[in-house]
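In what follows, chain A forms one complex with chain B and a second complex with chain C.
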Partner chain A sequence: MSFELETATHPEQLKRVAIDPVSRVEGHGKVTILLDDDNKVHQVRLHIVEFRGFERFIQGRPYWEVPVMVQRLCGICPVSHHLAASKALDMILGVKLTPTAEKVRRLMHYGQILQSHALHFFHLSSPDLLFGFGSDVAKRNIVGVAAADPETAKKGVLLRKFGQEVIRLTAGKRVHGTGSVPGGVNKSLSADERALLLKDIYQMVAWSREAVHLIRALFEKNLQEYNAFGRFRAQGMGLVRPDGAMDLFHGGLRARDADGKVLFDHFDYGRYWEIIGESVKPWSYMKFPFFKNQGPEEGWYRVGPLVRVSNCDFIPTPFADRERTEFLAFDGGSAAGATLGYHWARMIEMLHAAEAIKDLLHDDDIVGTNLMADGGERQERGVGVIEAPRGTLIHHYRVNEDDQVIRANLIVSTTHNNQAMNESIRQVARQYLDGHQVTEGLLNHIEVAIRAFDPCLSCATHALGQMPLEVSIEDANGTVLDRAARDGNGRFIAGGVAG
Partner chain B sequence: MSDQKTFLLDGREIPFEPGQTVMQAALTAGVFIPHLCYHPEFRPHGSCKLCTVKINGRPATSCTMPAQAGMEVESDTAEIRDKRRALVQMLLVEGNHFCPSCEKSGHCKLQALGYALGVMTPHFTHFFPDRPVDASHPEVLLDFNRCILCELCIRASSEVDGKNVFALSGRGLKKHLIVNAESGRLADTDFQATDKAAQVCPVGVILAKRKGFAVPIGQRPFDASPISAQAERYKPVAPAPKKEA
Partner chain C sequence: MTAPVLVFGWGNPSRGDDALGPLFVERVEALGLPGVECLTDFQLQVEHALDLHGRRLVLFVDASVDAAAPYEVSTVVPARDESFTSHAMSPRSVLQVYCDLEDEEPPPTWQLAIRGEAFELGDGLSPAAAEGLEAALAWFAGWIARGATEPVPG
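Take a look at the complex of A and B:
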């Protein structure tokens, strides 16, 4: 089984272009493109080349170590792994969280959404959006944004900083804390910590609203390009609250087809394997999930902000809900299906996170002292699902009577988007590369499409700014025909080699 | 004028009582000397060598050396710090010490000494030994990956609990901690979570089950100040009394 442009019929006769590594995304991945002598595109693949062994080396470890260990998958969204693992282990302990524990965890999660979305939009993607996808590579970075628009860059930095502070005060550290433990949390907010966050939260809500308006203005200005860029039809899946509201922390699974028709709703994620399967391909370490009843070919789907904003019936915070309504109505609903619509939806979610943080800070449970749930009936199997910044995150464990993990399965957000990202870059290759001489600017279009999904390719490290990049075009015999490079300072060197 | 006897430690006059070791006198005076196998409630052991000082120019373990009037002791010198750092680095590579996910982080003496001695890298090649966890006991987990062979659990089990649950087996690099059961499983010994041996591990080997990460970051023993500023914690106390059978 192969999708259009996934596998060329005669790859041995084609020249190969590689984007390695893909920059301004989390982790390490590469794109390969096979072209014929007329630069017609025959094959495009996003390869995930890092191999992670977490599911294996967690085996045999005591279960209470899991939320702290697995979060090391990622330096950007460790909180998501920390919380998804904790939820799975709550299920194994058979407990229901105390109100304080659930609200502290929610606060931590919304802090995570806020900081990750701010990081992605302002630090990683705004250079493309503000300056243009093929603009001067020397300026196409956060430093360039800071020079051209210092106010926007400053707000981005401070929004992220605030989110990190929320995490620090709930988890103990900005990155890789220990706040959430199986059955509860190990701390709540003190009165001083609550006051510290309350002091700035209204400013964060205001800046988040501005960010939504910024991406909306960019859509209005570049309507045709943004709507068409890397656009493809896809199904989508995410969590929703029982009443249909957006809930990034907990809910049931809802999926819609490419026309928005509900495929399943409020599905208990504790049985996710009944509806989701995973296939593998020889050219990537990342699996390809699919809806089991449709099979691997038809059953692929996407997740993340774009899906979540249109999948839910409403957002339970007023400013974000108003922005959602306008987003869905924009240009007859065109943005809600556009790959670059991910950015807009992401900013709506950032606004929702800021509003949710504000509401939680006004809730007295957040300073409560009842942190741990009472013992429940122990289960062997536990599943925890959360809507991480990048999409639906599934953690699944089995724990033996001696308290050791005997099996672990993680389906991280970016994995769900594997096929979708491949579809998107194939579309961009058709739109921009087909028949053209390859340039750095054109290759950046491929990266812009990947960045829209905010992928976490390794879920462990992240690349910020201009990583050295080298592109070589070889003929069928491996002879280099053309070469271009981008050095560590973002300079494009025709015929050069990355330093 | 006082007739209190003293010795010099890094140029500072340290008073001592007859029968005190250099370590005990230093800790009583509020001066920390790095150590792992020393425990205030137990007789000195002298095996980890981390507390090595120079006394009148000659190396000696401060936990076993009786204090004597007029001796000149060097401890916090560049030369001795380098040697202590190397000892900690060797311990870190000999076992599997993954501080980022270890529940003893912030409570662990080995980690605290790593910070205090400026261990920035492991320096030596990791052994990555294969040491399976013993999770058989309902209340206590044994994670042998982190054992530094200080023998505190052995001493506590023998001298205080009267049980002899733990022992070392093998020689040289193959020396390792075992439990006193034919099956080799802790569950098949008479070990209890209330035993003194369950309380003395300076690293993350003997762990109360289902309690990990209960103390938030910021409130753990070594969050507030480095171990080198916590001499008070290790001041001599009366020996732990032997439990009634």
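Take a look at the complex of A and C:
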């Protein structure tokens, strides 16, 4: 595993293209590309400019506040932080959840997976996939999808809405829910709430199956392009259940090398720091995690749907498991190693989430009344890990005798994928930018590669505008040779400046 | 039964002036106005098109670095405006999605943009934003009393 294209030999002799910020990802990122006079790519970097202050935000707070306040770290996946923090604090309390508490939390988590994956596929990625990566930017958005295929767009909206209803009913509110607390939950489902969700869940399962078939059909139609797009070899890591099944809520850590060989299995995530280290690079605020026994150069890995679907031995719901088998067998297994395979795997997970919700709704424990675990032996340190929509999410806290959080360490999903995203855009730059003039369509190819990972670059302050995008080409002295912009409404303006 | 008036604010309550939308909605909700439903979220999203169904009118409230201080009010009409970010779907795009999904015109919609300046995680409202919030609430009280029909602050 090399870092080719990470650092150019003579950057001072090159011109610079900046894509800033990356659009249709959650937060602020910037891509810089150094080209020579023949437009040959010499250096590509994804810079993350927002991940700061999480730990400072948490330290000093009473531990029981943490599951609620960490939701404000990120407006995109607040439920994931809510649950990972709750699991870490369960460990600090030394308790084992009641069946009702665990199942209500699982229900909430699968609701989050369902709504997040639906949003990403139908509203962030389907414009690229349905219209083409270099298609007219005026059409390449969710409103374009709604106009061209209102039925598909509507299913996407209703899938997401259903997932959020699951969250609302388990967390108590649409946003800023308080359902999960250290040691358990503060509510289960009422009979009416259960009936409300049961009424629609079979439709959600059916639509999720259709979504898997839609992305499969797109792969079949664009086989060569999809398989080759941003492809790179990588190790992967995620949680699996003790029997090897996919489990997005709880399990042990399993990693495989780029050939699929298991590197470690069922590792207790409560000691994650024994196997995972984090390195820093001067050009990015986001750390670069790695397997300690391999070191930072060789030990990087990726996480998320593509890894999880191939890392597990089976999926414990029937429709999703059948789709997993077909995915892994497709074209000799090519899609399972493709960057755009993330989309297919994501839809298989969405189907699994819908099936898991259905199963939980038929389980009487979700209307149980035993919500809180009995007191256990208090611990100083707690670690909570879940498989969030984007990948493995680690929350790690130390709490003092006054019940204050004195140390917090978070490794979020997108951080695990930092090196992988850089590798992917380097491949795309090689494939699509070398020797070409830089156009909006070509630059969107870079963004398509980043979006495949569904990165959450931070909880962006959306009020700062609609993410204008500015591209500048500079020579070695920093002189701007050319400039192009995408304004706040996504319009590409040659020679313009983002307004 | 669906309340005829929807006041919908968005923003992250823990990111400084980004809290303006949710704080505004919280204050309006405390007024207990009949026929007014108050909703908040971290960001305006595509599924919020479904929240518009059956309304007589809608007021969107958000923090903005582009609005003139202390606030700006404007009407919103559906448009395919090419907005392309997931966390910042524009109000007019949401209205357009409503048209496409429901095959009908959306309810009359206004946007209240309260000027914000600082958005750091963990910060409270800036003094200027706090003043803007009070001014916006004063405008809202008059606007709703006049039947919520004037798009420009009086």
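Basically, the second predicted complex is superposed on the first by the 487 of 499 C-alpha atoms of A that agree within 3 Å, B and C clash if a C-alpha of one lies under 4 Å from a C-alpha of the other, contacts with A are read in each partner's own complex, and residues count from 1 in each chain.
Going forward, a contact is a pair of C-beta atoms (placed from the backbone, for glycine too) under 8 Å apart; a residue touches a chain by one contact, two chains touch by 3 or more.
Nothing here was measured: the structure is a model prediction, and the numbers come from that model.
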| item | value |
| --- | --- |
| Which of chain B and chain C A:R72 touches, first, second, both or neither | both |
| First (chain B), second (chain C), both or neither touched by A:H176 | both |
| Partner chain in contact with A:W64 - chain B first, chain C second, else both or neither | first |
| Chain B versus chain C as contact partner of A:N186, first or second or both or neither | first |
| Touching partner for A:E423 - first (chain B), second (chain C), both, neither | neither |
| Contacts of A:Q164 with chain B and chain C, given as first, second, both or neither | second |
| Broader residue contact with chain A after superposition on the shared chain, chain B or chain C | C |
| Which of chain B and chain C A:L119 touches, first, second, both or neither | second |
| Which superposed partner A:P150 touches (first chain B, second chain C, both, neither) | second |
| Contacts of A:Q404 with chain B and chain C, given as first, second, both or neither | first |
| On chain A, positions contacted by chain B and by chain C | 69, 72, 176 |
| Chain A residues touching chain B - in the complex, by the definition given at the top | 60-62, 64-65, 67-69, 72, 171-173, 176-179, 181-182, 186-187, 402-404 |
| Chain A-facing residues of chain C, complex | 10-18, 20, 39-47, 49-50, 62-66, 80-90, 93, 96-97, 100-101, 116, 119-122 |
| Chain B - residues contacting chain A, complex | 100-103, 132-133, 135-136, 141, 143, 207, 209-218 |
| Touching residues on chain A, where the partner in the complex is chain C | 23-27, 52-54, 56-57, 69, 72-73, 75-76, 78, 119-120, 123-124, 137-138, 140-144, 146-147, 150, 153-154, 156-157, 160-161, 164, 174-176, 459-467, 486, 488-491 |
